[in-house]
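Two complexes come next, and they have one chain in common, chain A, joined by chain B in the first and chain C in the second.
Coming up: the complex of A and B.
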């Protein structure tokens, strides 16, 4: 009996294949039900014009009851976008990835939300505690307890 | 029987008429927002699951999916879309009974924790108390050996309930003081001053009881006070003074014998700090730091003296520890020897304060406590003073014996050091001649021609 996460993820994958991704979002890799890769670009006039970023989703057995681990990929020359809520190791401080996650959200919904988060950015800078966080950051961003005003505790 | 479709139409019509709102079972296709599985209204019965519509918007879910979501993770029990708080039904009987059990569990848990805590504390206390008890026992034995059974039985007794707090403290610390590197008389000095001025209650009562049965004259005039032997406290001062003087004399004497300047008086901690400073001086040169790793209680080395190793060679800490602990027994043994020796010399007897057995002491029998004075503290003080005066002063000969022993031991030690020093001084490196060396390279007084072979 397939677990709840694989059934749900196969449903989502089917929808992506049938309905396509929203503009600026592209599925790169969804071979298994543990890690998916997307690229996202911010459309229109924004600070991130012509920049493409790679987003990685990691699912556990309890998806969608537990949130996926989402981060920007920073290996092989790729950079994380310079944004007040994005750390230089790719970890993202977003409420929908933490305490505001609910099963009604989906992978596409997360991509769209992050896209609009980047689009609405007024000033490109790293978070204030970027260096301190990156030094002691865990490998999985879900292990960090972000306080959603930019601060964090590990 | 009406078909399901007909039944549905009828129920809808009925609802319209009854103005009742549709419920979750009226939907044609239901999709759970959590697992995204769909179910049609005309699916076979075995594929149907229990559904719930718990909020005000259009989101619906399987009962099991939603309960899972709420209980398994930190998701809040409210709708993510419309924010309506889910209302959960509970079975009250199960709830109350499980609550009761939870209360019982918490009580037992608290009891268990407190038990563990008290037993841990109890264990630590027990260990400490037993260590103290051993120390105190040793102290009591030491005092008994050193001061003689007469005095101990009269004023201290073997029963700890008769002791004051100060006694307990002093006695339990005795082993430590004996072991510390002061092999001199000074250790016992405080013990001269701890004797109470009157016997404890049980001894008093016993003396009073025994005196009831015996008739006797109450001595009106005490024997006249002699300057020698001195009282207990006076003798204590003498011992203290002697030990200080002796220590100074010993230091000077050993310096003279060994021709070496001894460093500051050895203290337990002073030796340690010297070592640490010594180590710091050699800091920059990393290689030498390894050499000075142990912190010993010995006299630290003089960096300048060629005989720096002298004391390190001859100090054996374990021996001094054992000797320290055996001090009271050594003292008592020496005292016995002196006693035996004193039988043959009246001068020795005088010095040691041993009385001739021919003179009957006035207080051999514990009589002569008049009934009127059982509770009079002044009388008891007087009584004790007299008794102690008349008692065989074991402590005097023990102290003298211990002193002699210490003198002998120090002399032997100094002799050992002196011998070692002489041996070190006599060491010489052996000389060899220049056979086997190329003679042309040597600058000789009378140059040897190359044809002559070397001797």
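Coming up: the complex of A and C.
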């Protein structure tokens, strides 16, 4: 029997191929069920006009019970967006990727959430602890235990 | 688990993204290995010497623990409290006197309520006096749920795999599977993989479907502030590992049309009695009406309590 992750991801992929991605989001690569790449742009007025970013999803066998590892790609000339929740190594501090992950979310739902996180940004700057974090960060952002602060709204 | 209890979840407008403010100190596992506790907690630890909720979780959340354990006499639980917690012992004696002589322990990871209900739900069908009637009734309830989930905005794609797992288990109580066998207690334990996911979705759907009944009771569990339905469901029902409280329990018992009795083992009171909180929806389906699912609650954790009706079948 196919693993739970490949069953689910094949459905997600079929939906993307049939219906396309939301505006500003494009599937670049989904050759297997372990790593997918998307480009993401913010549409309309925002601090990120004319910028394009690449988002990487990595899935384990337990997806969607376990969250995907999601980050911006920072190699081959790609940059992570300058944003208070995005570290310069591409890691993202967002509760839906951590302790508020839910199997009701899909890859596209995550893309849309991150797109809207960028769209609503008021001031471009890195997280205040960027340098220290990036220096010690694990390769996989899921190994980071981010502290989420409920008082912050974008 | 620890970060769930220390971090205040997001409260954001519906259309907003859900990023969170990184604190000045995100730690990595490499940097901060789990804190060593001064006293080693083992299976033999007298649980009554520990402070309630958190330590119980430490004891039960180990990933080495099975999701659901073999049935065990309640005496084992009593033994944990015998050194120093007479009020718990008294309450366990009381449960025993009411015919609750066994428990099934569940892994304590925040999903334990949903997991316990899911397991006991199928197990009750297995042990129903008329399994065919019980299964048919359960199926008629369950098979109506995908439409309900879609009506509140869940995509079929995100729930159908979990739905199918549960339906297959329920059908297999009376109908042979591809290998020609019907479900047994042993097979249920082996095949019991993540059915709590679908039960979370059902709970969420029921709350979203019935705003008049639920909206007045939706409060942020830590901040105590009223919450919008969608916001409450996204943060405290849909999100994996978030514990269930009365609202979620009421919703789940309604949508599944099951009675759920929760025995609160809190070590309080001098009478030694145990209070049962009963979740009894107006409509219950078939045999579920006569055989409630019984759970044992200790602060922060749910196990399955095996009631009087079942003893002969088990031993």
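To be clear about the criterion, the second predicted complex is superposed on the first by the 149 of 154 C-alpha atoms of A that agree within 3 Å, B and C clash if a C-alpha of one lies under 4 Å from a C-alpha of the other, contacts with A are read in each partner's own complex, and residues count from 1 in each chain.
Definition applied: a residue touches a chain if its C-beta (ideal position, glycine included) is under 8 Å from a C-beta of that chain, and two chains touch if they have at least 3 such contacts.
Given the structure is predicted, the values throughout are model-derived calculations rather than measurements.
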item	value
Simultaneous placement of chain C and chain B on chain A, clash or fit	clash
Which of chain B and chain C A:85 touches, first, second, both or neither	second
First (chain B), second (chain C), both or neither touched by A:147	second
Partner contacting more residues of chain A (chain B vs chain C)	C
Chain B versus chain C as contact partner of A:127, first or second or both or neither	second
Touching partner for A:23 - first (chain B), second (chain C), both, neither	neither
A:4 touches, of chain B and chain C: first, second, both or neither?	both
Candidates 9-17, 27-35, 81-89 or 153-161 of chain C: the single one with C-alpha clashes against chain B	153-161
On chain A, positions contacted by chain B and by chain C	4, 7-8, 11-12, 64-65, 99, 101-105
Interface residues, chain A side, partner chain C - complex	4, 7-8, 11-12, 15, 64-65, 84-85, 92-96, 98-106, 113-117, 119-120, 127-129, 133, 136-138, 143-154
Touch list for chain C against partner chain A, complex	3-4, 6-13, 15-32, 154-155, 157-159, 161-162, 194, 197, 200-201, 204, 223, 234-235, 238-241
Parts of chain B lying in touch with chain A, wherever the complex brings them together	33-37, 59, 65, 68-69, 72-75, 80-81
Contacting residues of chain A [partner chain B, same complex]	4, 7-8, 11-12, 62, 64-66, 99, 101-105
